[in-house]
């Protein structure tokens, strides 16, 4: 009898869950509330890569506008977009275009590009390869080239370290480098910091990092097609691997939210901390890139 | 003769393996404390964490850990107490109804913490629009607390000899009055021990908090104790990165130059805290026990 | 206090009648209060299962993924479509990874834990009780991120230096989990050994058994169910562990083809992916399905423990 009761309970849960699961798509997408009024508390959620930058900017903003309080949270681009679409936060930070994220309806949210990030392939210091062609890079990350000697390096197996699928940096990298090919299955790490550590300590390893993280004496960035990652080369699109950092708002940005985004795009922030942290200010960009990766000159 | 040799060999092996285990465990403790303690200073404990510069501290994270713990204890203790009292004092041990609840508690205690965290993320953060907040995190921790506490309180109550219950009933007290006035006070010392031990376990929980209380710690204003203000330490709706989450975060996304030192220091602090919890559990338990027994001796 | 005042009041009959009704009410109140607390826990467990299961099943019901292919498929390619334009969701590499680290770490940890527990209970019980027991209890309480941190700073570099490669992989995960579940299994095994009645030992020694014979033929046999429970408990902890494993296992969603190659577990893919996917997308749904698998496994471990527990009751009843 005891057993039966538990069994019945389990079956009951399963049936209910099956029913609910097959009828209610997305628990949040249908509960849109309007929280984007002229609030004095701004809630920002999303991209962990952008988080330190936004945190810094918001504490500067709070000093100038003591009545406003801004709370910045990580959680990932997907979490940011989900929550801004549901209207539960004012700003959703994202490393990628909303249209690149499945399950997000780009029409519901408004894009504000706030900075540009360059991404460069990095290798362990033991690898004396300083330049790779775009094709070689693609072949390495799709698993066609597996030894460094094929690209002019030492006879050593290539250890590819990738980023977790769906992460912003990986999306930008794959869009600009792989051109629709599938990446080789390799070790995946969640964050710039971990990749930096692994590349520094693993002989023969290659990965890619956002420009702000390319530091340390045990790793170095590699030129692609004889172009190195510099601000100028990104601004005129000679360096191809770059993307935008976005702030998304639910509907049109209003009140304090709008003024914070404006502040973030101001010269003070763009030429100050944005540069300091290795991002590239928007103002200097001579080209535009759309969500399909198409580049047009301004 | 043969059995004696076997005996000696077997006992020798046991001694050898135990020595090895002691060595491993000691090495573990020494390496955590040895790596970490040199970086723990008063400054480290009382300053805010920094994202880019070295020399940041863990004050907010430390406070958050305690605050989350206290909030979750406030939520879970009454529930655990109630269910333990019902299970031990009122419930008919043969009832199938009770058996279902008992197994529910067992199941709850063995759930992987990520699953509990994800459940909290889905329900509280997204569905109820509570965001990454102290409250969401505290509720997620409650799910861990409940089975631990319920079980330890139930054991404490069960350890009280039935004579006391009979005595209470014989005096004409109702079952509830006996529980409230006789059984519960007698069980307090071991309940306290159980609670503090559970607190030590919950203190280091990270996986459940990543997506409930969030991965960011807004700098707290120590002079603002208005719980409604978003910089106030007491605010329930602010994100609260705890010490354990901080270790994970610093290891993966750490942008500060002294990331390794910070996480080593935090680990050491965490261990010391757990150690203090364990010691104080014994201490309080013994103290209360002495107080109570001498009290009843009068 | 209130009761005492009433005791001293003047009209005993009326008072006693009145008092009885109050305490009966209180009794009812207390009973229902504590029952509702119990029911609340039940509701919590119910809703965890309900929500996680309903989200986990969406991948099958709404996204039309074949459950069989999901569990036994070996290609995990959730974001970039392959040459045919299809996304592939094969969770088998993660399932294998999870089982491998769990089984291997339990396999290594069990003899160590049993030997240590024997040492603490049978050989040096004084020393064991006073020093070892508190230390083991302390180690049970060490947060898993700390184990992960040690894994990242000590174990991975050590493996890299010894065996080459990146150092990340199943072996690193196994070592971290071994150290993590060792205290858990040890402390539960100690409890199991202590539960063996003392007259078993006396009897064995009295008929001339050596210490080892006593341990091997009597104590361990009598404590087997308890030890098994301890091992399963440790395995449950290892299986559900997320962060410590994620930090050292390498997180490559491929079939593990060696202990030193990067691999992945259910939990590591789950914690990495959940922030990068948005609610309501296929990518998010499949992560919930992974969570459901974890949930089902924990239920399974629970059933095993129950089963072992039941068998003990029977044998003890027979004695």
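All chains are identified by letter, namely A, B and C, in their written order; residue positions are counted from 1 within each chain.
Keep this in mind: a contact is a pair of C-beta atoms (placed from the backbone, for glycine too) under 8 Å apart; a residue touches a chain by one contact, two chains touch by 3 or more.
Only a predicted model underlies this, so the values are computations on that prediction, with no experimental measurement involved.
Student: Show me the overlap between the contact partners of subunit A and those of subunit B.
Tutor: Touching subunit A and subunit B alike, sorted by label: C.
Student: Across the interfaces B-C and A-C, which one involves more C-beta pairs in contact?
Tutor: B-C
Student: Among the chains here, which has the CA centroid at the largest distance from subunit B's centroid?
Tutor: If we average the C-alpha coordinates per chain, A ends up farthest from subunit B.
Student: Distance from the CA centroid of subunit A to that of subunit C, rounded to the nearest Å?
Tutor: The separation of the two C-alpha centroids amounts to 34 Å.
Student: On a C-alpha centroid basis, what's the spacing between subunit B and subunit C, in Å?
Tutor: The separation of the two C-alpha centroids amounts to 16 Å.
Student: Would you mind listing the residues of subunit A that make contact with two or more other chains?
Tutor: 9, 27-28, 48, 74-75, 79, 82, 86, 189-190
Student: For subunit C, what residues touch not just one other chain but two or more?
Tutor: 46, 51, 55, 271, 274-275, 279, in rising order.
Student: When you check subunit B against every other chain, which residues touch at least two of them?
Tutor: Residue numbers touching two or more other chains: 100, 103, 122, 126, 211, 251-252.
Student: Enumerate the contact residues on subunit C facing subunit B in the complex.
Tutor: Interface residues on the subunit C side: 23-24, 26-27, 29-31, 33-42, 44-48, 51-52, 55, 111-113, 115-116, 118-120, 123, 132, 134-139, 141-146, 148-150, 152-154, 179, 182-183, 186, 210-213, 215-216, 233, 236, 239-243, 247, 267, 270-271, 274-275, 279, 288, 291, 294-295, 298-299, 301-302, 305-306.
Student: What residues on subunit C touch subunit A, complex-wise?
Tutor: Touching subunit A: residues 46, 49-51, 53-58, 61-62, 77-83, 157, 160, 165-168, 246, 250-254, 262, 264, 271-284 of subunit C.
Student: Quick check: in the complex, which residue numbers of subunit B touch subunit C?
Tutor: 3-4, 6-7, 10-11, 13-15, 17-18, 20-22, 24-25, 28-29, 31-32, 35, 78-83, 85-87, 89-90, 100-101, 103-108, 110-116, 118-119, 121-123, 126, 143, 146, 150, 173-177, 179-180, 197, 200-201, 203-207, 210-211, 244-245, 247-248, 251-252, 260, 263-264, 267, 270-271, 274-275, 277-278
Student: Where on subunit B does subunit A make contact in their complex?
Tutor: Going by the criterion above, the answer is residues 51-52, 96-97, 99-100, 103, 122, 126-127, 129, 131-132, 211, 214-216, 218-219, 229-231, 238-239, 249-255, 259.
Student: So in the complex, the part of subunit A that touches subunit C is made up of which residues?
Tutor: Subunit A residues touching subunit C: 9, 13-14, 16-18, 20-22, 24-29, 48, 74-79, 81-82, 85-86, 101-104, 159, 161, 164-168, 171, 174, 178, 180, 182-183, 185-190, 198, 201-202, 205.
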